[in-house]
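What follows is a single structure, written as structure tokens, with notes after it.
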Amino acid sequence: MSSILNIVNADNVLKLIKEGKRLDGRNLDEFRNLEIKTGVIPSAAGSAWVKLGNTEIIAGIKFAVGSPYPDSPDEGSMSLNLELTGISSPDFFTGPPQIDAIEYGRVADRALRSSEFIDFKKLSIVSGEKVFVIFIDCIAINADGNLIDATEFAALAALLNTKIPILDENNNIGKELSSDSLPIDLNKIPLSITFEKIDNKILIDPTEEEEFTSNTRFSLGLIKDTIVSCQKSKGGSFSEDEINIMIDLAIKKYDSIIKIIKSLI
Amino acid sequence: MTRLDNRQIDQLRPINIKLGVVKSADGSCYLEWGRNIVIATVHGPKPMFPKHLADSTKAVIDYRYRMAPFSVSDRKNPVPGKRDKEISLVSGFALEKAIDLEQFPNTVIDINSIILSADAGTRAAALTAASLACADAGLPMKGLVSAVASGRANGEFVLDLTKDEEDTFDAVDTAIGVLMPQNEIVLMQMDGFVNQKDWKKIISVGVKGAEKVYELQKKAILEKYPLEGDLQ
Amino acid sequence: MSSILNIVNADNVLKLIKEGKRLDGRNLDEFRNLEIKTGVIPSAAGSAWVKLGNTEIIAGIKFAVGSPYPDSPDEGSMSLNLELTGISSPDFFTGPPQIDAIEYGRVADRALRSSEFIDFKKLSIVSGEKVFVIFIDCIAINADGNLIDATEFAALAALLNTKIPILDENNNIGKELSSDSLPIDLNKIPLSITFEKIDNKILIDPTEEEEFTSNTRFSLGLIKDTIVSCQKSKGGSFSEDEINIMIDLAIKKYDSIIKIIKSLI
Amino acid sequence: MTRLDNRQIDQLRPINIKLGVVKSADGSCYLEWGRNIVIATVHGPKPMFPKHLADSTKAVIDYRYRMAPFSVSDRKNPVPGKRDKEISLVSGFALEKAIDLEQFPNTVIDINSIILSADAGTRAAALTAASLACADAGLPMKGLVSAVASGRANGEFVLDLTKDEEDTFDAVDTAIGVLMPQNEIVLMQMDGFVNQKDWKKIISVGVKGAEKVYELQKKAILEKYPLEGDLQ
Amino acid sequence: MSSILNIVNADNVLKLIKEGKRLDGRNLDEFRNLEIKTGVIPSAAGSAWVKLGNTEIIAGIKFAVGSPYPDSPDEGSMSLNLELTGISSPDFFTGPPQIDAIEYGRVADRALRSSEFIDFKKLSIVSGEKVFVIFIDCIAINADGNLIDATEFAALAALLNTKIPILDENNNIGKELSSDSLPIDLNKIPLSITFEKIDNKILIDPTEEEEFTSNTRFSLGLIKDTIVSCQKSKGGSFSEDEINIMIDLAIKKYDSIIKIIKSLI
Amino acid sequence: MTRLDNRQIDQLRPINIKLGVVKSADGSCYLEWGRNIVIATVHGPKPMFPKHLADSTKAVIDYRYRMAPFSVSDRKNPVPGKRDKEISLVSGFALEKAIDLEQFPNTVIDINSIILSADAGTRAAALTAASLACADAGLPMKGLVSAVASGRANGEFVLDLTKDEEDTFDAVDTAIGVLMPQNEIVLMQMDGFVNQKDWKKIISVGVKGAEKVYELQKKAILEKYPLEGDLQ
């Protein structure tokens, strides 16, 4: 992060991109290798360890019992939190969440939330009083670009791997997990797909060097060809055409990645 | 087909702009947009402290979007939350291309927008006002950021949704900020559930809507600076 | 605030004050022009926009339902908060309240509170359990001196303009406002009147330049000739005689200002 | 007419002062005032960090008033609240005229008062003790700040109210700090409901009470510094 | 704290220690004079003022009514907090607790807690719902070394001096104290005994100068010859033999100090 | 006599070590210890900011022990608590003698350990992993810190307690960190209720257990650095 290496490499990234090439040899529209292991954390109700190239994120799920929101008295809720700590970079501080972690976490959260792939109505315990709250905690282990998508994939994989805890007689979370999975609609699994623009070329799944070189980011959340969320970020701009191109590209990518995610179930 | 508030589907709510309302600021803008009320001020450029946050090639924009505690239905805690911080971040980014920041290396430009009353579309209203406050401050503008929300409500593709429209069952809401007259998209945030074809339509409605906002922005600038208006 | 202009002007302020004059031409015991608009914020239960010369404060009222204090189980309560943010000055930080905002807000709050012009007993909902809490949030839009009085006037005007919300079946705040005003005793409306001392001359309603030049402040809260609060501030001192003079002066000023406030009802 | 605790209306509670009680401080004061117990310490003057907070013409006073969690009826949260911060601010101001700050440009003088036990009048007790700690630290004093509360309880104008008196139906409470022997009012805070004539009387009672506090302060200084006592 | 005096004295401390001597003339295994006054704070339910040489700590006890922990529904609880503020040193900041105060407070707290000398089962009010919470607030008045032991002694003395408050009809803390002491087992009173190592010599009850000179600390919590807690701290090391020697030394010291503590009852 | 999990009383749980797992760090270690999972990383030495925190004679260690929110039975708040801070402090101290810090004056070495899954003995596991991450970072090591818990459960003196053993009625738990091969105790924290004779036995069991941990650490280093292993 922000190391001298990035500055040196920015030059190389830029030179290659002019020829439509990338430092790691990928095509502009090619994702890095995606590896996912689930059930890696025995203490969690669900967990996943995602490697997207050299970027690594661990997601763990815990349940709590909370009050429902007044406008949805019969629905559980969820909360996604991304931690960028000193583990993954000397520049990340331990302490209050910094702005990058807030943005990345919120973009990943919106993709999951808007898709409505979890049926929160089935996570009510006592109508109007007690519901399940799903805590999705994501921790960056190695930061090499595209933390948004890696976070979203890790959260997804962990949720798909989750078992709901057994409640005790007072409707509190017990020590054991049941055999029940989360009420998930497998036809509505949302993916986050992130682009950067360098020298007017759009590239997918950026590395840290590419992010450092680029000044324009676009993230989409989608289910097949249904769009559920988006975020334009950083100081550059896109034309309407470029937005449309990225929409089409993201839709094309959905199938290959969702296959990897669904293979975990 | 008209809407709950009798607007056409591609019609903006009434927008009322006044520049230079805050005497102590270098630039400012008061903006009413339907039931939204925003004040934006600009202070700077001024030397950045602490110095290690400065950029030796250009001015840094420090944009803060805030909601007054009384601007929403239930009193909002005055401590900025994650949503406020995220909107501040991406809105600050959106302003970068509108100002010739290279003229002021090692400085910071403080831009503050406060929502006094909220009725959907507050980030667009705040960004639109902030862009005008920058112009009012005499900053070297390359263009204006014109922002608006577009989306779907009750099956229609509509411009500039109200809170009631945001709460419809099929609502899609896309905030779009466009650098004008260059017509470049500098802000875009969306929540919803919509097929790609429809969403492209929504974006198109939004971009066209931003042009309407731009016309109102130009008019407000010309009202205050009739001789210098070089943005028309 | 703390701009080079203040330093330059301090000299001028000082020169003029020796002749009993002020930079803006006012007499020493003269308030600036006071303009108040109420009902300016549709989302608030009450609101006011105060212009005192170039100083501008917006106050907005919101209600919440809370628990009463143990020693007054049948009384509602109120909380005044002043925000000095980047909006009104590059020197005000967004974030935790700084010491000026705390002091000004507390001085304004004490004037309102000690006067007992609001009958909090009529703001009980369920005895000992639920009461109305009135949140008065004041935001400085332009800071040109005497923020204490401007804040107090804005809070007052907003309270006089407030409608109590309708409660829903669970005694929670509903979306609509009733037609009921706050239970206010119009004979007990307190005003804050603030003085600064420069070169042994007492002046009322200071501008920012005058505040910058002065090292001694005195604020009074009063209802006609009844004193309800006071605050001496900054590093200078007053004689007992000077205090007595300011008390008399404040009482003289009460009528003209209360007329403006009451004209809003 | 005497009071609940049998005092005359213009009589102070018993005050017990001891200087130099905290070995590691440059100056210190232990003060019992009725059931109030305060310790005040002074450290400095010392260079101010960060430097941009320094004043190149004089020392800056950093005064902190705190209440121990166990000093009041219900345990107080140790995190300083708005009341603590306000009292710290105005009490620090009150000390400025008592010390020749111009002798120490670019420095800070840390003054800390902690209330160990509270029974009304704590800000006056803390300020009185702080002023003595400054003298004990050998700072160049122009005078002492002598503070006390005066007010009304049960229809009487009384000096130095107790908590019980503060809780009477007609209570008025005015904290007054006077720079002595100059007789200048440097602190004044009041809450109540009282006509101007009566309040002027209360102030007068307070100023006279401060003189009584000053006599006790002088005595305490002379006890510790019998030869150097130039404040009598 | 961290004054130039410490640096100068470090040399002297080191020279003397080579001869088995200390700057203040004590033997290596000798505690400073310990003076304890109790009942010093009228507003507290119990209090003590401890002087250990020049180190002075005041401890005050307050009660609150709280919920029991889920795993001990019939037990009260306690919380020890040490404040190192500007009162005792220009280097201690007022504000969030700094790391030294946290460590010292936790070491003192563990000695008290592990000893189980307070019968928390007798501090239940309503089984599973309401229990007494004991707040032990310790404030450093003068910091001249060994704050850990001085804090623990002050907390102990205050607890032994404490009267339980009378509850009102709603089981809230009333204004008056009862005549009941805390349910304390006088045979289980734990003491904290702290050592530092300088130039391979072990010394007990270090002064601030000695702490400044030493890079190795060891604290034991014990009841006669029963060990209840320990903490090794700072950047140096001990051999197993040295640990054993300190255990034996601490046990030897227990009687003389517990005599002083018990004399307060 | 064996234990709940069939171990011998002086037997470690299975330990699985992998060095160099975090690409962006200067050194790193993944460690499974029974059901505990830890990752430790090292960044540095690098210049210390702010400068007044630097030591002109040696590198400063900034060690942070953290527990992932999902590592324990009830979700842990991600904000570090007092326990986290205390463990970070004493564990950072424990590493000081293991590294030749004098080689890097005015710098800081950031060492982070995060507990991903917790089942008793997490501070020992974290410290053991941190020490290996330092070696992996190529820091000039004087030795390794080998840490383990020893104690009593159900009347037996046992090495490396599990959570179930910690919860027995007579449990004593002592975390011990030993600088190896020097055999110096650099970390020791204990809670319990045990006579001195038994506790000395427990310490002895712990020190011997640390040697076993050291053997596993050496093995892991030799696996990754077969030619350079000068720690055997």
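A few notes on this one:
As written, the chain order gives the labels A, B, C, D, E and F, with residue 1 at the start of each chain.
In this text, contacts are C-beta pairs under 8 Å (C-beta built on N, C-alpha and C of every residue); 3 or more make two chains touch, one makes a residue touch a chain.
As the structure is a computational prediction, the values presented were derived from the model and not from experiment.
The fewest steps needed to get from subunit B to subunit E, moving only between touching chains, is 3.
Chains that touch both subunit C and subunit F are absent from this assembly.
For subunit D, the chain with the farthest CA centroid is A. Comparing the centres of all chains, each the average of its CA atoms, the largest separation from subunit E belongs to B.
In whole angstrom, the spacing between the mean C-alpha positions of subunit A and subunit C is 48. Computed from the mean C-alpha positions, the centre of subunit D lies at a distance of 52 Å from the centre of subunit F.
Between the Cα centres of subunit E and subunit F there is a gap of 27 Å.
Chain contacts in this assembly form a single closed ring in which each chain touches exactly two others. All chains join into a single ring; listed from subunit C onward through subunit D, they run C, D, E, F, A, B. Those residues of subunit C whose C-beta lies close enough to touch subunit D in the complex are 97, 99, 102-103, 105-106, 110, 113-116, 218, 225-240, 243-244, 247-248, 251. The part of subunit D that touches subunit E in the complex is made up of residues 22-25, 35, 37, 39, 41, 43-44, 46, 64, 66, 68-75, 78, 80, 110, 112, 114, 116-119.
Per the touch definition, subunit E reaches subunit D in the complex via residues 1, 40-45, 47, 54, 56, 58, 60-62, 64, 81, 83, 85-90, 94-95, 135, 137, 139, 141-144, 173, 175. Note for the complex: subunit D touches subunit C at residues 82-83, 85-86, 89-90, 93, 96-97, 174, 179, 182-196, 199-200, 203-204, 207.
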